[in-house]
Amino acid sequence: MKTTNLIALTVGLFCVSQVLAQEPMKMKPEMTEFWDPEVTVVTPGAQPSDAPSDATVLFDGTPGSLTANWVGRDGNAPKWNVADGCVTVARGTGVIQTKEKFGDVQLHIEWRTPAEVIGKSQGRGNSGIFLQERYELQVLDNYNNRTYRNGQAGSIYKQYAPLVNVCKKPGEWQTYDIIYTAPRFKEDGTLFTPARFTVLQNGVLVQNNVQLLGPTEYIGIPEYKAHGNGSLILQDHGNPVSYRNIWIRKL
Amino acid sequence: MKTTNLIALTVGLFCVSQVLAQEPMKMKPEMTEFWDPEVTVVTPGAQPSDAPSDATVLFDGTPGSLTANWVGRDGNAPKWNVADGCVTVARGTGVIQTKEKFGDVQLHIEWRTPAEVIGKSQGRGNSGIFLQERYELQVLDNYNNRTYRNGQAGSIYKQYAPLVNVCKKPGEWQTYDIIYTAPRFKEDGTLFTPARFTVLQNGVLVQNNVQLLGPTEYIGIPEYKAHGNGSLILQDHGNPVSYRNIWIRKL
Amino acid sequence: MKTTNLIALTVGLFCVSQVLAQEPMKMKPEMTEFWDPEVTVVTPGAQPSDAPSDATVLFDGTPGSLTANWVGRDGNAPKWNVADGCVTVARGTGVIQTKEKFGDVQLHIEWRTPAEVIGKSQGRGNSGIFLQERYELQVLDNYNNRTYRNGQAGSIYKQYAPLVNVCKKPGEWQTYDIIYTAPRFKEDGTLFTPARFTVLQNGVLVQNNVQLLGPTEYIGIPEYKAHGNGSLILQDHGNPVSYRNIWIRKL
Amino acid sequence: MKTTNLIALTVGLFCVSQVLAQEPMKMKPEMTEFWDPEVTVVTPGAQPSDAPSDATVLFDGTPGSLTANWVGRDGNAPKWNVADGCVTVARGTGVIQTKEKFGDVQLHIEWRTPAEVIGKSQGRGNSGIFLQERYELQVLDNYNNRTYRNGQAGSIYKQYAPLVNVCKKPGEWQTYDIIYTAPRFKEDGTLFTPARFTVLQNGVLVQNNVQLLGPTEYIGIPEYKAHGNGSLILQDHGNPVSYRNIWIRKL
């Protein structure tokens, strides 16, 4: 066969294969551009730690914002101490919890363990943040203070150790930025999807979308029970841990 | 049967059912406390936006850190402009990309669209951040600038609109805190798990662990192709967008 | 130092490290044994394809079971043909749909494309099974009949091609065993979790827990809209496809 | 203003709003039709329980297929008994395991507990199927035999109870159709995605894509350790449980 014929044949085969390899019909850029509904505009805070315009400020440093948004377990006004723009656990007065109940949320909260170091392991600067009254993100002074890995600051208590120990020194303010997805339940009360946490501590990822095994349990294996929205709870574990700049956004 | 017998029988049945309801054996607290391995200690930055001790600082504001960590698409030194502690797109010089290639990462990056407003929709302050060279988080000036919802700032371009539009004004610095999970592929090249993004813009959640449909496509429907680690790329879209304080942590 | 001292020191260090490596307290087998509530007893069918005792039989081969459980789109009795223990699409009479509406289900259904081969690609033995009135598992004769991969038998139509083409010959009965998870929506109507399908065709896995992009669309990109339970629908696509032995279990 | 003007204005406003509501550009059906690559053709078995053409038949009822595909834990030929087309546990001879190691698979396996009922709870007809040598799907005679719910037939042993107890009578053959996804690990050995099981027992869903907490543990809380592919193991628990028609497909 002459060279030109060979070329013709090759081109012909190539065309056939082009025909057989059926690409989907070519689209235009505008076909993947969705304009509506318009995305809701929110004004951010001056700093990332500041509440944006759509947040509920749960505590702004004033006694008034504490009593407006929180109660003790008995339903009365919280007995914790407000001073210097923060609220501090008053030992033995019990937890404080939000009047409002929440589901999925973004939560910003700042906390400080006592500058004076007393105790060790779980005994040093212990408190905790419970989402929906059940799922605890641990607050603890773990600066040069070893404890069980799934019980230290940044842990989902007794379920997930933090990815890193990024604690500041005692007496320094620390931040948690929390993305929380509430569990869902089926009509028969069994679990559909578990609770999930993503947590940044001092700007560093410590929990990456972990799926909880159930409510926080000090003893034994967690087990889900169906529930609806729940309060945010701050724990009185007997140590004068302080909190400030608490804001929450419903997701 | 006499009433007393009936009561006795009822109580008896009740006791039997109590015996039958076998609770798991009671545990002790220490059984759910895991100490080892010790969680790695990381020193946080002074502010959440500051690089922690385990981060790679990709740009610290100096020309030296730009040339040390980035190249143009041609492999040569980046031609973007470094001044006043930030690096600015030099129109027409093309993208810049990190020398190092990454998989799962936490990325902090700050960006600023031009104070002088020119253009509209996609024409105003357009740039972009590509994870692994393929998956774009949009950078755009959407302050009073409507565009398609899945193409505005905070969007995973043409895939997921941001949850809210939390843009600052033109000329103001904004932050992205990004948690990125690389896709995984099976041995035959098909997708095992998709790429995922969680993004906070100016401290506000705009992407909540979304699962990407494939690499970013300007035209058409995305489709995954297997790949390994990839560079972080900043886009030259012709507008003088600036970046600063870029740090990354391998997850 | 004398050798004996060295040994003593080594042993000492070893003991110290043993003390430091704190294992969680030893458990007993009974601590992870959960007895209650008792798992519900279900009587299986004689063969895996036969309805178990907790299934709703939607069609047992008799005209009575068709009219008891199904209606046409207009709400009247179905006009499809029942004969020889199966029901066959009557061209142009429209879909049939269950009176009952469902959420999460396991569905067993058997289908047969016409023994006489007419047409090609989408024109041959075309029908479809819609879960919740919206999400289509394709029914088509793909025995030696090429069509677009995401539109062939076993595909989630225009979203997911089947893992393999495991079609039987025209005129032979085939089985689908379907595990379907309904999508969930948030209170604002946005998507919480997508619809998911696992499908066995003729005993072979063709869909492995795929997450749907939205309702089935012949044209364009799917988009979720919030909805509640929905009917199971069988499609009239103009071809005399037959169905039999249809049973469903609520999950 | 006159009525006609009002109408004109209203119409005008309506048109404006129509213009503002920018729908994405209309697509054509062919744009979402993907033809390549062609889906691999597999020939199904005559019945859904029969091996399809792409399966590896691990045991077909003959002694030859047992010795060809399986060994004891010591690496020697299995000492279990082959008769009447099935293989039966020979008490005290230990497990048998496949020579080939697997990752993600679809597995079909049939099993029978002894017709003669001896013992109760975990003592009756006990065996087990371990995927990748670590993750056990329980085999047990739970026909009128109560045991702990997370240890009965169809359970992922000590992790997930079956959705229903769909056991056949002692001496009757039962089927498991298993879809197994192997866990993936990160480079540092930590877990990326957990092992997952979907299981049909006698055609009825008993496990719906559950995510394992770690390898099966008789005592204590499971914990993942990184591993590669692993053998399929059948357990010798001292009871003469029989198996037949075992085939597996790599996913």
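Here the chain labels run A, B, C and D in written order, and each chain numbers its own residues starting at 1.
The rule is simple: a contact is a pair of C-beta atoms (placed from the backbone, for glycine too) under 8 Å apart; a residue touches a chain by one contact, two chains touch by 3 or more.
Listed by chain with UniProt protein names: A, B, C, D = Endo-1,3-1,4-beta glucanase-related protein.
All figures in this text were calculated on a predicted structure; none of them were measured in a lab.
Traced through touching neighbours, the fewest hops from chain B to chain D number 1.
Contact with both chain A and chain B is made by C, D. A turn of 180° superposes the CA atoms of chain B on those of chain C, with the angle given to the nearest 5.
Where chain C touches chain D, the two copies mostly use the same residue numbers: shared numbers make up over half of all numbers in play. Contact count check for A-D and A-C (C-beta pairs in contact): higher for A-D. Note on chain placement: the centre of chain A and the centre of chain C lie 33 Å apart, centres being C-alpha means.
Taking the mean of the C-alpha atoms as each chain's centre, chain C and chain D sit 15 Å apart.
For chain D, residues that reach two or more other chains under the stated contact definition are 22, 24, 26-28, 31-36, 148, 220-221. A complete topology is adopted by the chain contact network, contact being made between every pair of chains.
Contact residues of chain A toward chain B in the complex are 24, 26-29, 32-45, 47-50, 52, 54, 106, 108, 146-152, 158, 161-168, 174-175, 177, 179, 181, 198, 200-205, 208-209, 217-221, 249, 251.
Interface residues of chain B, counted against chain C in their complex, comprise 21-28, 30-36, 211, 213, 221. Remark: chain A residues 22, 24, 31-32, 104, 148, 184, 186, 192-193, 220-221 touch chain C in the complex.
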